[in-house]
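After the structure tokens below, expect a handful of questions from me.
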Amino acid sequence: MPDLIAFGEVMVRLAPPHFQRLEQARSLDIEIGGAEFNTAAGLTRLGRTAGWVSRLPDNPLGKLIANRVREAGVSTDFVQYVPDARCGLYFLEFGASPRPSSILYDRKDSATAGVACGMFDWPKIFTGAKWFHVTGITAALSFGAAEVVDEAMHAAHAANMSVSVDLNYRSKLWTREHASQVMGLLLPMCDVLIASEADAEHLFGITGNDFTEVAKQLVDKFGVKTVVGTRREADLVWKNKFACVGYSAGKTYESAWYEVEIVDRLGAGDALASGLIHGLLDGDLKKGVDYGAAMGALKHTIPGDIPWINRDEVEAALKGQGLRIKR
Amino acid sequence: MPDLIAFGEVMVRLAPPHFQRLEQARSLDIEIGGAEFNTAAGLTRLGRTAGWVSRLPDNPLGKLIANRVREAGVSTDFVQYVPDARCGLYFLEFGASPRPSSILYDRKDSATAGVACGMFDWPKIFTGAKWFHVTGITAALSFGAAEVVDEAMHAAHAANMSVSVDLNYRSKLWTREHASQVMGLLLPMCDVLIASEADAEHLFGITGNDFTEVAKQLVDKFGVKTVVGTRREADLVWKNKFACVGYSAGKTYESAWYEVEIVDRLGAGDALASGLIHGLLDGDLKKGVDYGAAMGALKHTIPGDIPWINRDEVEAALKGQGLRIKR
Amino acid sequence: MPDLIAFGEVMVRLAPPHFQRLEQARSLDIEIGGAEFNTAAGLTRLGRTAGWVSRLPDNPLGKLIANRVREAGVSTDFVQYVPDARCGLYFLEFGASPRPSSILYDRKDSATAGVACGMFDWPKIFTGAKWFHVTGITAALSFGAAEVVDEAMHAAHAANMSVSVDLNYRSKLWTREHASQVMGLLLPMCDVLIASEADAEHLFGITGNDFTEVAKQLVDKFGVKTVVGTRREADLVWKNKFACVGYSAGKTYESAWYEVEIVDRLGAGDALASGLIHGLLDGDLKKGVDYGAAMGALKHTIPGDIPWINRDEVEAALKGQGLRIKR
Amino acid sequence: MPDLIAFGEVMVRLAPPHFQRLEQARSLDIEIGGAEFNTAAGLTRLGRTAGWVSRLPDNPLGKLIANRVREAGVSTDFVQYVPDARCGLYFLEFGASPRPSSILYDRKDSATAGVACGMFDWPKIFTGAKWFHVTGITAALSFGAAEVVDEAMHAAHAANMSVSVDLNYRSKLWTREHASQVMGLLLPMCDVLIASEADAEHLFGITGNDFTEVAKQLVDKFGVKTVVGTRREADLVWKNKFACVGYSAGKTYESAWYEVEIVDRLGAGDALASGLIHGLLDGDLKKGVDYGAAMGALKHTIPGDIPWINRDEVEAALKGQGLRIKR
Amino acid sequence: MPDLIAFGEVMVRLAPPHFQRLEQARSLDIEIGGAEFNTAAGLTRLGRTAGWVSRLPDNPLGKLIANRVREAGVSTDFVQYVPDARCGLYFLEFGASPRPSSILYDRKDSATAGVACGMFDWPKIFTGAKWFHVTGITAALSFGAAEVVDEAMHAAHAANMSVSVDLNYRSKLWTREHASQVMGLLLPMCDVLIASEADAEHLFGITGNDFTEVAKQLVDKFGVKTVVGTRREADLVWKNKFACVGYSAGKTYESAWYEVEIVDRLGAGDALASGLIHGLLDGDLKKGVDYGAAMGALKHTIPGDIPWINRDEVEAALKGQGLRIKR
Amino acid sequence: MPDLIAFGEVMVRLAPPHFQRLEQARSLDIEIGGAEFNTAAGLTRLGRTAGWVSRLPDNPLGKLIANRVREAGVSTDFVQYVPDARCGLYFLEFGASPRPSSILYDRKDSATAGVACGMFDWPKIFTGAKWFHVTGITAALSFGAAEVVDEAMHAAHAANMSVSVDLNYRSKLWTREHASQVMGLLLPMCDVLIASEADAEHLFGITGNDFTEVAKQLVDKFGVKTVVGTRREADLVWKNKFACVGYSAGKTYESAWYEVEIVDRLGAGDALASGLIHGLLDGDLKKGVDYGAAMGALKHTIPGDIPWINRDEVEAALKGQGLRIKR
């Protein structure tokens, strides 16, 4: 029944407070994060409904993740619990110029990575849904996971749903060659592709003078209808400029630029995807680009991966409402 | 006996740590805040004495407030405790660009709002005092509170005290029309008016090309002797430029500008008022504008609403002493 | 669709850490709590499904509560959001012998208290449900709330559901006379009554030599089928003995006694109710009394009002499995 | 004007949270503590007024102490600020059986220890006051401090005030011989002596079969009118039994025993002193012994040295009101 | 050069504060723990020197462990860093009666588990050392780890060192059959065996009327010289009675019993082993049993697995010095 | 055996969290800091070995310091423990523009300040070492400390070690005249001098148009071979520009400039010294200047005084690798 179904891993995120290095830390703050779930959560903030499909270990960490997925308003009805499995973890160190933030993955052999075709009843899951969202991270988890992405995309097309893919290349998870090959096989089933120009070049050798040139080639190569990218100027770790750009059917749409004071950089791209899909569910790429930029910009101001943003805040940002305290 | 008597509400302020949204928070930091008290506290930091007049619930939250008022060096001798009353609360979310900070008031039907004429023995309270300070927030609390402001101002004049009013329009507390009407009745009893150009226009339709033009009209309209304003450039949530400007008897005084790295924006205007009154108690508006700007600027760097600033720090700021660690 | 529907208020609970008095506190830990919801959450821990019916303010505190209700696995599908309403709060001070713990309510005029007949579509809410649970606290909130309890109980009977009421007299919310009158009107629609011997005497003048004698009189007076009570020996604040006793159709059932090292006393009775209903949903009062005692005993060991207990832990407690670290 | 004047040192107390050893700690909780001030604070909780006389360094730690003394409702009007002085500190490790709690003093050469005769205008300080309280700890600080105790006691007698001394022998501050000699000179000016039987034997060689026998000898030897002692049974670190006993004019009074679940053991004896003086200010030693025991017992349940207790809680304890949550 | 060489895994230990369940936690406290290292750390507290041999991942978590091992005074000179390996983790939930504490291991495929014969130059590591200590946990990690235990024990004998083994059966790591077989092969190389009567029966089918009978059979079966056991009475989670018993050459030695108020139960047995080895290094089993009991009892009072105990505290405990605050 | 021997005091550093003023703080974060030790720690991060020579009180604070020195990988083999001594402390308030950060020293009469010639066996300590590092802070501690610096420098020369001195003038520790005189006597034994242009003028009256002119005069006056300085542009408290410059044998070397988002400003100069010495140990001043700038810049991003930086991060900074999250 939810508008959106997202498939992917959610990990427990463990980060030392106040810029500490992991090796000096005495406590870790717990958040959860996973690209597809983050996007699903963003959709619920905008008034849509969303469900998350995945596998979790049947232990306290798996329960922690399910609890918090529900807390964010996303359905766990289709989550499977795996006995004796382990939970994907990631450790996050917040940096500051000139030291970038850094992630240590400990997600190998997780419950989600053990997924295989046939485990999920996609036609049932997709009943009543309009949109399927997945990212390249899921495909990178394991051979089985990549196969299930393929399986789900086929089922989504059969159900007349739209499919979006965020390319999201992670060099710590797989090689360029492997990613290029697998994503090359999956993208033809994708309607909306979110991809950076850097990844387009890195994985597919596609270059161009500007976003539009790159987007056109991605459309030509993979048959996607829409290509969307994030724009970021990052001279510092804690202050960036951020915008969104989209291309479809020969036209390019650009959002306003936002100057963002960064509280937590993680999940900004996923929040952008949620704003984008929100617009596209209304059949309006311009709206998607604008909402995507606003959702992404606002996400930078919120601790954790989840975009705890209200729709009126998005609309205020779109109107350029100022920075005075609301009182 | 104190130099300054301040009348108004102090609330318990509850804010999630580290930029969290309220709805994701697991703990709240407790501060207290109330515009008039904040100013009284600022005066004590500059070596003056101050007392705070109000009503508190006779419960642990009321005691918390009284404890902390005393901690800040302000007398609670004239505070009344009300059985079975509730305590004004406000919840604060710290924002970051492009998300402004936000306040959720839960102060309705508070002990202070239940104030009525005749409850306070103003002549006794004002014995030996030189200055009475109040803000438009108090007048906004309730009909009774506005009446008591009127009552106190009359008593202050009878006691040959100076009276300052910080206009401080709060759209979440009353409408523009209501505020305009009530403040219009109260201001003629005011000697020193602190008002932003925006509020002057919003409440009284007064506009001008610059502060001086606006101030002159406020002087003409209400008979106040002095008008003081805050200047703020706020392109970001966490870095602003800040200054003070004052007008009296045909002359305009401007402070230096301060670039402020903001730790806690709340109470900056109240701290400015304390520096201003400190100068005016010495009969020196120029000093008031300079101390006001420095107190206000320094307040931005301190957590909570209370300006825990030392006089030597104000003087160092006035001299433009640099930013090197003092060691 | 859920097995159980619970109706009542959930408040934001604010407690200073580590036994601090409120007036000395610098931070508050946030939990949520509400008797009926706590019981609903307990049911989900035992593998049942549950939904919570209530009204919340349409503000960040209302969202916080809804988020956490979902986090606990309880459906918020039938929650209504009220603009410009306030959120019920309670402040909790943990005591230690000889100082009892203490609660300061700030729940007057809350969104939930503003409930009135006709606001909820009970037949729709009850579709597919088996059990309705409410407590005397809800009836104490306001005249409207008591009326809605009556309305809901009638609807539950019409839907062939069982109805349980936890008497839960709160002297800070209403007088003995008022409680006696209102609860006396409501109890005839109740199947299962949870009541302490003290409340039975205090509200209804019913006394007896033991629980069975009291229970029989409650059955006779109100026509309830089952009466259940908590047994507690509390010589200290942080160590108690705890058990459950139930009466129905002439037979009395007693659970084992548990020695409990108390981490958080709140919600123990509500957890007992969940274990009880779990057994009664299987038609087994003996099971209900046993699960109730174990759920209640285990709840004492968990921070917050919510019984984050696993079914295997309940079963281990029932078997008297020891206290060695599980490793 | 205050009822009670207390003279002594207040230190910044620094303690690791949650039973950590200092050497493993990453943060320290800040409280303030000083035997005489603690007693003064206790008096204000019972509705009396109290002032504290001392010397503090003119630096942020001195300000912290003054702020918190005022927060506790005790006047700092007679506190002197010393430039370039240091602040007395103590580090506290909470133990658990079989490891006792432990204190590391770092108070040498503190501002208070630098006190000398003539620094305080005792006749002015004592104007309107009824009671002077000091402890053996102050006399132990330095030669100058012992002299000032003598000076103050003489001034108190001249002002017709009562004088109480808590013997409070601290082996880390001075030797038995030194304490015996100095306290032997001071006690003849004392009206009310608080002393343990162990200290009476240790310092003065006084022994007896019970408290009364010891008290009689102290009365005989030093001419004090009243002798009061604490009774404690301490088989564990975190659970004790506690009571108070007093002797005067041939009669011995004993309080009820309290079983105390200990949150913070520090300041229990000082709280006892405040209850005692509260009774004696009413001329009622029996009341003093009872209130002393209740104040002391309740203090164990509160973090920090300050007895944040309300008079109604003392009265409830005296009535043996139970341990049920107040709600 | 160190007196003792310990071989085994150290994990990062992650525990929610204040009795929270993992699934409700928002932060985790970080400690490190590993049975053999814990014992090595205990030896350094008693004035001995100790080194720890293991393998760590070459990432921030591995560095965290090495940092803290050094912090505890144990040498990391023989630690190897493994690229692209993962760090053993364990998650700890503190219980309270009737809920036992619980451990969730996430240590599979850790750097330490990947150890194999030939990786360590034991003769070099053992140069100058007197004692080798290992536990059954290390043997349980992997086939390779068990082989390296064997390798190290042979090398220790060749170096004329004493060898102690703590049986420490962990049912979450291996089956009884597997443990029985592997430990049966290793124990003949052991001089001092620490084993509970329960494990003796569980793994080897050895039973007896008392410790001495069991110890004798273990001596007979495996040729060990000395058998040592822990005695614990655990009616509650947070208060136990604790003692040590040892057998050698026909004689049984028993320590005093300690009543322990438990702060952190983990590592108590390892601390006991350190006190035991401390005595045995002086050739005195009686001393070992007494120091073992005192070290183990005191460890219960300290957060984390590491026994931050001072020798004078051990000696005070042995003398039965009381529980008064040391001040 | 370590490459570097550092001599100086390490203090316990106590700082309120989140920009609080000391006087409003309720807790303090504990770090350790001491200029020479900080530099030694930096060397270990770059793969060198280092030992720290000092005196600590034989109490829990002294142990805390030793524990954490070892945690940072620096040897404490030559630390002496002094009974009944006190530990140097410093209290740190973090500022924000326009309020600078501020330090309150409480280090008088510390164990380290009590050092005297003959206490350390320098020839033994220096066996196998290549470099001796000290700062002007040590010389400022006491007459004895200055003498021991002289003693150690002579011994270092006798051992053919290089000697570096960081001038580090601290006006809160000694007067300009005293510092000028003592450092003037010590510097002729120094090979590498780290000094700011401001200190060169302030202490020695040396001025110049640029760093090179100043450095030449320092070389001429004191016979040092190399002079190194920090360059800092500090318009704000939390964002600076930072670089390093060095002069030797007629040539000046400048590093790249780094824009630093400051987390903790303390120890940046000491980290620079470690990078510098790292280069000079390879006989390469250019490398030293580059590594010094990178180490110093990166230190700003890490809480506490210790540079928890990895060599690969230094190398990435030197290559100008960007600020994207590493994932």
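By written order: A, B, C, D, E and F. Residues from 1 in each chain.
In this text, contacts are C-beta pairs under 8 Å (C-beta built on N, C-alpha and C of every residue); 3 or more make two chains touch, one makes a residue touch a chain.
Here the structure is a predicted model, which is why all the values come from computation and not from measurement.
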Touching both chain D and chain F (chains): B, E
Chains touching both chain A and chain E, listed by label: C, F
Counterpart interface for D-F, drawn from A-E, A-B or B-D and sharing over half of its contact pairs: A-E
Same vs different contact residues, chain B with chain D, by half of numbers used: same
Separation of chain B from chain C, taking each centre as the mean of its C-alpha atoms, in whole Å: 45
Centroid spacing, where centroids are CA-atom means, of chain C and chain F in whole angstrom: 61
Euclidean distance of C-alpha centroids - chain E vs chain F, Å: 40
Multi-partner residues of chain F (at least 2 other chains): 17, 21, 23-24, 26, 67
Touch-based graph of the chains, sorted into line, ring, star, complete or other: other
Residue numbers on chain A that touch chain F, as the complex places them: 18-21, 23-24, 95-103, 105, 170-172, 234-238, 265-266
Footprint of chain B on chain A - complex, ascending: 17, 239, 258-263, 294, 297-298, 300-304, 306, 308-309, 313, 317, 321-327
Touch list for chain D against partner chain F, complex: 14, 21-30, 59-61, 63-64, 67, 86-87, 89, 91, 93, 104, 106, 108-109
List of chain D residues in touch with chain B within their complex: 67-68, 70-73
